[in-house]
Structure formats: C-alpha cells, structure tokens
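Each of the next two complexes has subunit A plus one more chain, namely subunit B in the first and subunit C in the second.
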Partner chain A sequence: MSTAEKAVEGRRRSIDWGKIGWAIMLILAILAILLPIYIMIKTSLADRASIVTGGLYPEPLWPFAPNFDQFGVLLGKGDFIAAGLTSLLVAVLSVAVALLLGVPAAFTLARYKFPGIGTLALVIIGIRLFPDIASAIPVAELFLKPPLIYIPPLIQVALAHALLSAPYVVYICQGVFATIPKDLEEQAYVMGASRLRSFVSVVLPVALPGMAAAAIYTFLLSWNEFIYAYYLLFQSTETTLPVYMLRLLTWTPQRNYLAALAVVLSLPVILFTFLVQRYMIAGMTAGAVK
Partner chain B sequence: MARVKFENVTKRFGDVTAVGNVNLDIADGEFVCFVGPSGCGKTTCLRMVAGLEEISDGQLFIGEKFANYIPSKDRGIAMVFQSYALFPHMTVEANVSFGLKIKKVPAAERREKIDWALELVDLEGLGDRRPRELSGGQRQRVALARALVLSPEVLLLDEPLSNLDAKLRLKMRTELKRIHKTIKATVIYVTHDQVEAMTLSDRIAVMDAGKLMQAGHPLEVYAHPNSLFVAGFIGSPPINFLDARLEERDGKLFVVTPDFSLGLPEDKAATARAWSGGPKVILGIRPQDIYETAHAPALPWTDNAVRATVDVMEPLGDAVVATVIAGQQVFQVTLPPETEAKPDQPVDLVMDLDHLHLFDPQTEEALF
Partner chain C sequence: MTDVSSQRSSWQRVGDFWARYGFAISLLVPCTIYILFFLLIIAFYLIQLSLTQRVSLVETQFPSVQNYIEMAASSEFQDAFIRTLAFVIVGTPLQLLAGLVLATIINRPFRGRGIVRSVFLLPVAIPSLVTATIIAYMLFTYPFGHVNDLLLGRLFLPGVVQEPVNWYTSPALALGLALFAQVWRDMPISMLILLAGLQSIPADQYEAAESMGASAWQRFWYITIPMLLPAISTVLILRSIEVWKQFIFPFIIAPTFPLLGVLLDHAYHNLRNPEMAAAIGVALVIFILITRWVLTFGTEKVRAYLVKV
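Up next is the complex of A and B:
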C-alpha cells in the first residue's frame, strides 16, 4: 500500500498509537511531579492516627482528621523563625553580591571586544557545569582558612551563594545589555555624560526588568541552597532553613511535623514564583532574543 | 555657528577604508547634506565630526580648532540619531533636559531653554509624556528639541526623516528648513534620499564608496555633474545613459548611437575634440531635457531629432514618464500631461543639446 493509503487506513481504524503513547508519558510525568507534593501536603495536615498505622490498616488517601496543629507548633518555635530570618538575610545578601559582581561583568562582555572575550564568557558560564557537591568541599576549605575564615559565617554563605548564581546573572544580564541599543549610550556620551553616569542614568533603568529576573533567580537559589550552607555552617549555631530541616531529622520527629516544615519551606518559593514568573520569562527571553 | 573643515580625512576599519581622503570646507551656518547610497561613508563622516569615531588620517577642524582629539562634549555639537535614541524611561522633559543637567545649567535657565525648544518643534504641553506614548513624528521632534536645547554650533542629523511616513517626511522637511533659519547653526545632514538632499541643502556632498565625488549647490550638481555616478544618482527620474561614439562629419562633431545621431553645438564640440580619449563615449541626457517635437520649446539646433516608439507610460499627475525605444536604445522621457503619445505608437522627439552630458567610459568623468 502507498503511504497515503496506509494513512487513510490508519485513520479508519481511528486508534492513534503515537498520541496514546505521548498521553501516557505525560500522565506519568505529571504524577511523578505532583505525587510528592500531594504526599507532603497531606502528611502535613495529618493527625496521628493517619500516619501511625502500626501496619493494621493502609494509610488513608486523605487524613482522617486534617488539622493545622503541626503548623502551629512549627511557627511557635523560636529557632524556626530564627532560621527563616537567617535564610532571608543570606538570600538578600547573596543577591546584592551577585549583582554587584555580575552586572558590570555582563556589561563589559556585552559592549567590549578584545581577544579572548568569547572564551572568557564561556568560562564564566562553564563554572555552572561543575556539580555543586564536588565543589562544596574545596570551597568550604577555602573559607576555613585565613584570610576568609575571619569573615562571619553567614556572610561566607552569602558569598558562596553569590558564587553559584553569578554566572547566571552574567549570562542573563549580558543578553539584556546586548538588546539595549548602543545609540542610547552614544547619545549620552555626545551630550557629555561620563561612562559611569551614562551607565547608571541611561542603561541601568532600561535593563531593570532583566536584572530583576536575575535577582529573583539568585534569591531562590540561595533560599533553597543546602550543600554550601551545610558545610559552611557546620560549626556555627546559626542555620538557614534547609540546614535547619536536616538538623531536625537527626532526632526523627514525627512525619507530619516534618511535612509541615517542608510545606512552610516551599510555600514562599511557590508563591513568589507565581507572582514574578512574568518577569522571569521576560527576563530570560530578553537575554535570548537579540 | 562654526565652520567645519575636512582636510584629507580618512577612516579605516582594519583593512577597509570606509572614508578616503575627504576634503570639504563647510561655512558657518551652512546646511550641507551628505548624500549617497548605503555604505558610502556618509554616516561615518558624521560620526567623525561627532567624535564617535576616531579619525585614521587627516585633520578635522570645528570652528578654528583642530578637533581630531577633542572629546565630543567639548566640540559644541549636538547629534540626532536615526533611531532618535530617546531615553525610554524618562519623560520628554527629562530627555530634553538631560544635556543641560550634565552641563550644570541652573534650573531657571533650564526651564527657559526647555520651553523654548519644545515650542520651536511644536511639542508644547507634551513634557510629561514618555517616548512610548508618542507617535513617530513626535519622537523625532523630541530628539530634535533635545539637540537644539544645547544651542550647538554644529547640528548633526543622521537620516532623521527616514523612519517617518511620506507625508510626515515632507512636512518635517519644511519644518527643518524653518528651524535652520531660526537657529542659524551649521547643519550636517546625512541622507540616502537625493530629493531630500536637493530640497534641504545649501550645498550637497555626494559620496560613493568612501569618496567625496562632488560637492556644490544642488542645482549646480544637478546641471553639471562631474561623474557618471553623480549624474546617475542625482535627479528623478534618473538620467539616461547610452553608449555612443564620436564621429566627425563635414566639420561637425556628432555623437552617434546605432540608431540616431546628435550634432554637438560648437562649444561642446570643442571640449570633446580637446579630450584625449574616444571615440567611445557615454551619452547622458535627463528625461526632462527630451521633448516631443510638437510640444518642444524653440531649440536652436538641428541634428537633435530622434524618432522612437513608446513602450510604457507612467502618469505622475504633472507629467508623464514615458519609456521609449529607438532601435536598440531604450530611454526615458518626461512628457507633459496633455501629450497625445500612446504606448506602441511612434513619437517624434528632440533633445535639448545644451543639457547633454558626455562621460569618459574609462574614468567615468564628465567631459561636460
């Protein structure tokens, strides 16, 4: 049979195996993503009977008596609040450092040409190819020796986070600066503005949305980051939220308590992302389309 | 106001010579248009005056000062970019006052100057708008106001009208001429539109491939182009070029094509005889200098008649551009709107030999 005839035959049989295959994979993927979240939420709302079954009955799909008790306990704990504030502080600090380092670098990469600039850009972005776990120990070692050891631990964490996110900041901001026409700076220059003034008064305001996207990414990375924070805060009493969660696990608390903590940890991120996703997408595409 | 002088100015980008040996003396308050096809170097010349490009060779003088190394802000210039380069996050007023703020002009004086500039370009009352809330024409006028407010000695305009629709372009052309009369600054204007250049400038500077081909009063360049390129670039519809040869017949010099001959008037014949090249020559005659015998003004020559067949006719309203064929020769003629010529019909033409041009096929220079 010719291809056309085969196609007609297929349509007559009206079973599109290709589409069914895709649909199955899609459903599996959605399940794989949503299932843990579902379990997390349901466990956080669970009463004791729903999680401690003793093997006598299967765990219910939804708790028998869902309640917010665990959340109450969590939010009443002083060290949880402290960890939350510490995470916030570190995140804000890391955004500041990452932008301070990354934005001028991105501007230079976007505007100047000198031999080796392409390689330089690749090296900067290539830093992110290195797995965090592998680099955690060398980086921690650096911070545990003079002179860096004299930096307060929280600032060390902020610096480490900035190190992780700076390449992304450079990448995104370089794209943003590349889309800003040189005309604007040339016009400012002809009018007598110094390079710095032209950058601050003319370029930065226009680049703000893209930079916001980079800042948001840095914030979220720092908020969620575990490995560097763990190694650098090893000997410190201060913790960030992910590390706090780990320390909690050492004395095996109840699952519903842990789940509540996980929900509280994720909620700001999810909320924040929903609110700013417009800017993130805009920022990313600003970098991509030239 | 200041004069601008190019002395052997050259600009090289690596191996490419974008501008080669330009010599031009622009007088105080003169309106000069640099015109030419894309890539001819006209914008590069403008940018060198602005201080945005380094001059590879030669000297540039602004006012009486040697300006090659003077930074842009000290040159007394203001520039309007083709894209307008309006600062998108600032209001119209903030845009216009940007340069004044950098020069630390006091607030009261700034206010005065801004009001004057906005009035001059007809944008009063729009000071609080942002560029994205303005039309194309309004944006262009903001860019102009921003330049004028600095009271520059030399105003540089890079294709300022090319982003506007045809009607607006015509209106702004008149506006620019009016503004030039008011501010009396020296203006250097870059465009690829020769009609714009002809109508706006005191002098036109025609460029091709980095070289300044000819500079002069528009009518002078139109009537007496010095090269094939200038003759072909200036004038709409464009000049007709035909391959021909010079032939002596009974003491009179003829320009001969395979299909017709034209007898040169004595003064032109003398120049042609004195020329060392030939006999091959390129004949140039503008469509406006060819007439239908029936509608021709009294012309003092014989040996200037051509019989041709009309191919296509394009009515313009005030004239008709007819493409005619005479044997192997195809050329264009502007006919009056009341002409009785019709496509595929023969038409009798006479050529105005006073406005005939001959060009050397090798050097492409004009004999006359």
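Up next is the complex of A and C:
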C-alpha cells in the first residue's frame, strides 16, 4: 500500500482519497463502538432532571449536575452487595473447577496421540453446539431432582459455568502446552521425579501465563453468564449480578440507577479485556469454533 | 518376573499400555467424563422431555408426540419460526459485513493501532444483558430519549419525523433493534476471523495488480474477496449458528415478538411446561443443524465455482 502511495505521489500531487476514506471509516467505527458505552457511563452519573425530561427539553448529552449518588445508593443496598459477592464466589469456583478439569486434559491432548483422541477432542468442543437456552432446561431439571438437588445452588451454577468454559480452557491450554518443549518434563522424569511431579512442578509454572489467560476467560464468562444462572437460581433466594439486573428491570427502575448497575457489571470486564487483550483473542477465535 | 517366552500375555500387554499411557489417561478422564456426562444428559433428557406430554400440573404421559403436534400447529411457534428465520437471514450477512469493515480498517498499519484494536474488542467484553439494557432503556426509548430527540430534530440535526417513534410496537423495528444490538456486540468476533484471513493474503498480489493499473475497488473485488472466501465461509457458518441461538437480545428488547429462544423460555417459565420447552429446544437444534449443512454445502459450491473461474 505504501509503495502505491509513493507511486501516486510521484506521479501527481493529488489527494489520496483512499486514505481519507479510511480515516473517516476509522473515526466512525470508533464512535459507533464507544457511543453505547458513553451513554451508559453518562446516564449513571445523571441527576434526575437530566433523565426525566417530560418532553420539555431534549435529553442532555452530558448531565446537568453529574454525581455519583446512584453508585452510593447501589453500594448501600444489601442485596446488591450479596449479589456481587455471589457472582464473585461463583466465578472463582467455576475457574477452579474448569482449570482442574481442563488443564490436565489439555496437557494430554497436546502431548499424546493415541487412538480415539480425535473423537475425544470433538466431544469436548461439541458441547458448544447446543443453544444455551435449550441445554439449560435439561440441566435445570437434572439439578432439581435428587440426588443432585442436594448440591447447594451456587455450586450448581459454578459447575454449569465450568461446563461452559472447559472447552475453551482445553483449547487455550493445549496451545500453550504444545509450545513447551517436551525436554522439560523428560528431564525431570529422568532425574527421578514421577510423571505427576514433573508435570506439576516443572511444566505448570512455565505454562502459568497461558493458564492465567484461561482463568481470566473463565472468570469473565462466569461473571457475565446469564442464562444458566437464571434457570438454576430461578427458585432460589440467591442471585448473581446479571440475574439481579434482570429482576431489577421488572420493577422499571430509574435509568440512572440502572446505568450505575450496568457500569458496575461491565467495569471488571472492560478492565480485564484491556489487560489481557492478546490472550482474549486466542480465546475468542477458539470460541468461534463452537 | 520376566517371562521367558517372547509373547506378552494379555495382562502384561494391559500393564504395558497403562505404563505408557496411564498417566495421560488419568489426566484426560475427569474432563472427558464431566463433559460427556452433561452432553449425554442434555441430549437424552431433552429428547425424552420433548416426548413427554404434560397432562396437568403434576401428571405427565410418556411417550407422546403431542408436544410436537401442538407445537407445529400453533401459530405462536410458526410466527416465532418465521421471525427467527428472518433474523438469521438478515443478521448473518450483517455480521459478516460489520466484521469485514472493521477488519479492513484495522488491517492498515498506523500509530495507535493496538489501542484502536482494544477499542474494537470492547463490544464483546460487555455483558450481553448490559448491552441490551443500554439499547432498550437508555438509547431507543419512547416517547423521549436520545434517539427520538435526534429524529425529532431537537438535537443539532434537522428532524426527519413528526411524532416520536415507538420502537416496541412494530415487530420490524423491535426485532431490528435486537438485531442491531446483537450485531454490534458480536462484530469483534467476525472481525478477528476475517482479520486473520486478510493478513494471510500476500502483499505482492496487491502490488502486481497495482502495477497493472488496477484501482483500489478492483483490487478489493478481485483479490481480497476471493482470497478471503475460506474466512468468509467460516464466519457465515459460525455466526449463523450463533444467531439461531440468540436469547438475551430478543428477550430484553423485543419480548412481545418472541423468537424461538424466547418462546422456549416462555414455555418453561411462564407456562410451566418444560416438556413443550424441550420440544422447542429440539426443533431449534434441528434448525441449527440444517442451517449448518446448507451453508457448508453452499459455500463449497461457491468455492468450487470460483476456483474454476
């Protein structure tokens, strides 16, 4: 492309319409993406006059008297704090289960090639072919009957989330393990460590960044997850944040309060995304292979 | 104790197998069993439930195809099916287009490109529920709100309508909004797949075309698109599956014009009929499989044709 530009410039001093067009598209794309986020943030800071206009004046693009009041109200509500802590607990649990299941499996898939391993990989990925909304029904019915009904509801949700994220954990970690040379664990094995020991003490520390990426991906998936939480916690008093938000919607809340909740729900995710962008890309293209 | 004969007994062969693969198998087994367990439960339970008829609040009768008969005959299901089909047919190319636009923009090296790419990834970072809420409760509100203000001409641009638009009484508008929100949310995923495809096109193809006098438009149509076809077909197949599975956006933004996923939830939670919901679920999985086969078949045909050309 730059060769072309130089050629153009050499031939005649004309405007590079291509580049201007591209720049316009770039700016439009950035605006289109940032707009809803901006609206969410500005509504959360809005005072009453800025959102209840009664048609007398257009809704301001920046509130007349921005304040953090709604956040104060939100943080003062006991059930919100409870929902936040529940979301946190469920997310951490699901990370633990998903990693415990997925990391060893990923290691095996990366290292060994025995018959049937291809089909096993397919099974692990294949669970994602079912719509969440359809698969939530049998899972919910299953957990409503003995013996699984005795599992506390939060653990049920964590198990469901681990189920959803295990394929991604396997995919991400498999890629990581494939890049770690076999010599590392072979060395330890030769020096007398058991296979398990050489795996845990030698390979895992090296794979830590990749595992961290998988852990963060699982955490975010659980934090945002709505459908399974909705179905599994339907009759329970516990809620996670997305379910809390849904229940709030049925009470037609004030918009600024709603926006404050939205901001709190989104903030960890946005922060994490910016921090681990590289790993997210690997995870998301894996997610595309459902 | 070593065996003198050269043959290994079956037990010894088992022992050999275990010695060689035992560690690997024990690592793999928990994950596989976990997922397999749920996969089988989901598949069988879904089918079994769908073949059970709910006679009353506590009685059920199995087996019975009554659910499917009722479902196929009900106008709600037929309407929901048509709406979902339209949603998929319109939404999948839109996803492709949005992803293509973003990928083309970000493909060009420039300063600050990394930050812009992080920005482009933001929509998929925000929980779907939050995005749906922003669209329905903060932007496209009726009778007041930002978008209606804009359309009525109360902000800087001249107005195009006389009356505020009620987004939620018209199926086209409500579902259009849900579609728009969903495309917005998922376009980074299409972008990433297409970007990978774009970056694998060798630069000398473009240079050769330019030296032969091809315009930017021609270069796009005759080099970029054909070489991008594998990525395009991947996006079409994967995204169409995802659009069929859509629940959150139609549920929040257009609940009065249910899509199949919303209808499923309605059957389960409001009608207290998990069996009917399961039947809808089975139907949904079948539609997804059909779409996948049709698209895979179709893109193969297109690719074969273009290779000949």
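The rule is simple: the second predicted complex is superposed on the first by the 242 of 290 C-alpha atoms of A that agree within 3 Å, B and C clash if a C-alpha of one lies under 4 Å from a C-alpha of the other, contacts with A are read in each partner's own complex, and residues count from 1 in each chain.
Note that in this section contacts are C-beta pairs under 8 Å (C-beta built on N, C-alpha and C of every residue); 3 or more make two chains touch, one makes a residue touch a chain.
From a predicted model like this one, the values you see are computed outputs, not experimental measurements.
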Request  = Based on the superposed arrangement, let me know which partner A:108 touches: subunit B (first), subunit C (second), both, or neither?
outcome  = second
Task = Decide which partner touches more residues of subunit A, taking subunit B and subunit C as the two options.
result = C
Ask   = Can A:150 be said to touch subunit B (first), subunit C (second), both, or neither?
value = neither
Task = State whether A:191 touches subunit B only (first), subunit C only (second), both chains, or neither.
result = first
Request  = Quick one: classify A:265 as touching subunit B (first), subunit C (second), both or neither.
outcome  = second
Inquiry  = Quick one: is A:181 in contact with subunit B, with subunit C, with both, or with neither? Answer first, second, both or neither.
reply    = first
Message = A:251 in the overlay: touching subunit B, subunit C, both, or neither? Say first, second, both or neither.
response = neither
Request  = Mind sorting out which residues of subunit A both subunit B and subunit C touch, each in its own complex?
outcome  = none
Complex contacts: residues of subunit A adjacent to subunit C = 1, 3-4, 7, 18, 22, 25-26, 29-30, 32-34, 36-37, 39-40, 43, 53-55, 57-59, 61, 100-102, 104-105, 107-109, 111-112, 114, 120, 123-124, 126-127, 129-135, 137-139, 141-142, 162-163, 166-167, 170, 195-196, 199, 220, 223-224, 226-227, 231, 234, 242, 245-246, 249, 255, 258-259, 262, 265-266, 269-270, 272-274, 277, 280-281, 284-285, 287-290
Inquiry  = Can you tell me which positions in subunit C touch subunit A when the two form their complex?
reply    = 21, 23-25, 27-28, 30-32, 34-36, 38-39, 41-43, 45-46, 49, 101-102, 104-105, 108, 116-131, 133-135, 137-139, 143-146, 149, 154-155, 184, 188-189, 192-193, 196, 206-207, 210, 216, 234, 238, 241-242, 244-245, 247-248, 252, 261, 264-265, 268-269, 274, 277-278, 280-282, 284-285, 288
Note = subunit B contacts subunit A in the complex at 50-52, 72-73, 77-79, 81, 83, 85, 87-89, 98-99, 102-103, 150
Contact footprint of subunit B on subunit A as seen in their complex = 181, 183-184, 186-193, 197, 201-202, 205-206
